[in-house]
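Got some structures for you, see below.
One chain, chain A, appears in both complexes that follow, with chain B as partner in the first and chain C in the second.
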Partner chain A sequence: MKTDEVRRFAIETLLKAKRQEAAADTIDDATPIGAGGLGVNSLAFLQTFVIIEDRYGLTFDDASVANTRFSTVGEFVAFVSEAVGAHAARNVAQNVGGA
Partner chain B sequence: MPMMHGLSYVTREPARTDAADAPVLLLLHGFATYENHLLDLTQGFDPRLSVVAVRAPLRIGPGAYRWFYFDLVPGEAPRINADEEAQSLRTLTAFVEALAARHAPKRLYLLGHSQGGTMALSIALTRPSLIAGCANVNGRILPKIAAALPPPEALTGLPFFMGHGTENPIVPIAVGRRMRARLEELGVDLTHREYPIGHEISAEALADVSEWLSAKLDEEGRSAGRSGTRRSSSHGRVPA
Partner chain C sequence: MQVSSDENDIPTHWYNILGDLPFDLPPDLPPESSAASDEQLKLQLPLALVRQSTSRERNIPIPPEVRDRYRAWRSTPLIRAERLERSLGTQAQIWFKYEGGNASGSHKLSTAIAQAYYYAAAGAKRLVTGTGAGQWGTALAIGCQAFGLECKVYMVGTSFRQKPYRKTIMQVYGADVVPSPSPDTASGARLLNEGRMDAGNIAFAVTEALEDALANDGSQLSVGSGESYSILHSTVIGLEARTQSERLGIRPDVVIASLGAGSNFGGIAFPFLQDRLRGTSEVRCISVEPSACPKLTRGVYRYDYTDGSGITPLQKMYTLGHRFRTAGMHAGGLRYHACSKLVSALRHHGLIEAVAYPQTDVFASAVLFSRLEGILPAPESAHAVHAAIQEAARARDAGTAPVILFCLSGHGMFDLSAYAQYLDGQMEDVEVTDEDIRASLEALPTVLEPTA
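Here is the complex of A and B:
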C-alpha cells in the first residue's frame, strides 16, 4: 500500500465531501478541514471515513475517531494513513500466519 | 460488544451494590455520537447504579450513530425520517423490555441527550410501566408520541427530569417550556431545569441529573417494603 496513494485518495474524498472538483494538489497539510478551509461540515466529514473504509476494506475504531481532534487536512491524512497501513500490515501477518 | 435485540451496548457495574440487585440507568446518546459519550460523562454518578449504555442502531461513521436522520428547516420543527424513527423505537422498546425483565420492576431509569432524550421520552410516554424514571436533556416529545399518550393514571407520579438549553437552536426553549406544561398537566413528578447552553449537555445539567437520580434512589430505598408508595407520594416538583 503506497502512502502517496492513500494520501491522494483521502484528500480527494475530503474535497468531494465539499462537492468541489478534485484538486488535491492545491491544498496542503495546514489547510483547515472546516471553516476557513475546505468548509467540510461534520456530517460530511464522518462520511469520508465510510468512503475510505469501503476503499481499503477496514473499519475505523469508534473511540479512536471520536477521541481524535481533526482540524487540518494533515491531521486527517496522517490518521487515515496510519490506520490503512496498520490494516494492511495485519492482513500481511494473517496471510503469512495462515500460509 | 454484547448485543440484545439488535442493539449493541456496554455496561458499568455498580461500585456499591451487588449487580444483580442494582437499579439500572440506561444511557441513550444523541445524534452522531456513540455509547461511550454518555458513559464517560456519567462516571461520577451514584455508585448504586448499574449503567448500560446502548448504541443507536444506524451508523453514520466511526464513533457516530443515529436513531434517525432529520433535516433542520428554519422556523420549523426538525423533519425526521419517520421510518427510521419508528424502526428504532420498536427496537429500543424490545431492548428496554428485556432489560426491565432482567431487573426488578420499576428499577430502570433512562437518561437521554438530544436525539437520545427524544427516544427516552418516547419510551417513557408509551411504556411507562417499564421504567422508574426518565431524564432528558435537550430532547423533545415527538408529535406522534404526544398524540397517543397512555391514560393519565399510567403517568401520574412517574419521575421526569427535563433539562433544556435556553439557547438551543435545534429544539428551542419554547418547545421545552411547552413540554413542561404538558407534563405538568399529566401529573408526572417533574423536575424542569433550564441552562444557558445550546443543544449540548453541560456539566451543570449532568450534575443536576446525578443529584436527581440519587434522590430518586433514596426515595426508592425509603419506600422499600411498602407497596404502591411511589406514585402517590412523590410529587416534589422543583421549579426552574
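Here is the complex of A and C:
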C-alpha cells in the first residue's frame, strides 16, 4: 500500500465532506479540518472514516477515533495512514502464517 | 383475533432498505455557515451507527444484547379490529400492530434500546437528549438504564409543566430531567435571564443537549427519530408483522402508519415495501400526517436543515421549511417540519403514498376505535387509525375486501388533556394556508445541488 495513495484518498474524502469544491493542492497538513479551514462538521467527519473503512477493508475502533485529536488535515492523514499500514501488515502476517 | 406474542417472532436482523433501492440517496451537505469549531469535532455518534446509515447490506444483525432486551416486550401483538370492521360494515380486514405495550408507551423504545447499546459499546458514559412531549426522552431513559448509562433529558418547558407524569416516568428510569430552556446551559440561562421561560421548542432543547454533551467528558448527544439508523432499528416492527401475517395466511394490501420524521412509518412499512421493490407484491404503503404539518402532501423536495437552528448538515427531503411552526396541534410527535431523507426519497420516486387529515377528524376516529377495541391511541397513532378507517370505508363503497394493516404506535394515556379538549368540543383544526407555506419556504437555504 503506497503511503501517497492513502494520503491522496484521505484528503479527497475530506474534501468531499465539505460544501465547496477545493483543489487538493490548496490544502496542507496545517489546514484545520473544522473552523477556519475546511469547515467539516463532526457528522461528515465521522462518515469519512466509514468511507475509508470501505476502501481499505479495515474497521476503525470508536475509542481510538474518539481519543485522537483531529484538528488538522495532517493529524487525520497520519491517523489514517497508520491504521491502513497496520491493517496491511496484519494481512501480510496472516498470509505468511497461513502459507 | 390476536396473534399472541412469541419471542421466536423477534427477528435476528434488522432490514436495511438501502440494500434494495434502485437509486442512491442524495448526499448530505455541510451547512452554509461552516461554523464548525474545534469543539464541534468532538465525535457525537458511534461509528456503528454511521456504518448502519450508509451500508448497502440488506440485513444488519441485531446484537444479542439488544435482542435480549427486546424480549421484555417483543414480539408485540398483531390484532384484528373485528368490531371496528363490523361497525364500518366493510368487507376489508383491519389489522393493527400494537407498539404501546412497554414502559415508554410507544414504538420508540426499539431504537432507544439499540442506540443506548451502541453508545455504551463505543465508550460513552452519559447520553444527553432533547425531547418534546417526552416519548423519546422516556424511551432513551429506559435504554440508558438497560446499558448502565447516565441520562440527561432537556424537555421542552411547556410540555414539562403540562405533562408532569412524563417527567416522573423518566425519573423512575434514572434520568435527570430539566425543562428547556434551563439554567444548566449558557444558551438556556440566556433565555431565562431574558424572562423567556416559554420560548423553548424541540430544536432549542436539542441545542441545549448538544451544548451539555460537548461540555462534559464521556457525554454524547443522542437524537430520536428520522435518522436512517433509527428507522433501521424500527424495522423490527414490520419484520415481526410480516412473520405474523404469514403465519395467519394473510398478505396486507395496504400498510399505514403516521409520519413524524420517519421511524414509525419506515419501521412497519419497509419490510413490506421490500416485496414491492422485488416485484412480488403491489402493497400500498401510506404515510399519514396532520393537515397542520403537511410536509409530504404540501411540502417541497429540497435541501433543508434538519432542525430549526439552521446550523445542521443539509439533507434533501420533503420539507415545509425549517422555520415552519406548527401551533395548536396535539400530535406533538408529528410536528417536525420535514421528513427523513429516506422516506422522502421513496415518496419522490413514487414508491409510497401520503395523506393528511385534520385533528378533529383524527380524534373522532380515535374515540370510535377506543370504544370498540379497548385501546386508547396516542394522538400520533390516531392518524393511522383514521386513515385505516378511510381505506376500509372506501373498500366498503367499492365492494372490495383488502387486508389493511396499520401501526398503533403508542397509547394515549399521557394525552388525556387532548382527549378532554376534544370531548368538551374545544378542539379546533389548524388551517395552514398556501401563503404560510410559501413564506416558510422562503427561508430555505440556497444550494447548488450535487450532480449525479
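Convention: the second predicted complex is superposed on the first by the 96 of 99 C-alpha atoms of A that agree within 3 Å, B and C clash if a C-alpha of one lies under 4 Å from a C-alpha of the other, contacts with A are read in each partner's own complex, and residues count from 1 in each chain.
Note that a residue touches a chain if its C-beta (ideal position, glycine included) is under 8 Å from a C-beta of that chain, and two chains touch if they have at least 3 such contacts.
These numbers come from a predicted model, not from an experiment.
For the composite obtained by overlaying on chain A, chain B and chain C cannot both be accommodated without a clash. For chain A, the partner that touches more of its residues is C, with chain B and chain C as the two candidates. In the superposed model, A:35 lies in contact with chain C only, and not with chain B. By the touch criterion defined above, A:50 lies against chain B and chain C together after alignment on the C-alpha atoms of chain A. By the touch criterion defined above, A:65 reaches both chain B and chain C. By the touch criterion defined above, A:17 reaches chain C but does not reach chain B. Note on the superposed arrangement: chain B collides with the chain C stretch 145-153, while the other options among 145-153, 361-369 or 379-387 stay free of clashes. In the superposition on chain A, chain A positions 42-43, 46-47, 49-50, 53, 60, 62-63, 65-66 are in contact with chain B in one complex as well as with chain C in the other. Across the complex, chain C is touched by residues 17-19, 32-35, 39-47, 49-50, 53, 60, 62-63, 65-66, 70-71 of chain A. On the side of chain C, the complex with chain A involves touching residues 28-32, 34-38, 40-48, 50-51, 54, 121-123, 313.
Remark: chain B residues 32-34, 36-37, 59-64 touch chain A in the complex. Interface of chain A with chain B (complex): residues 42-43, 46-50, 53, 59-67.
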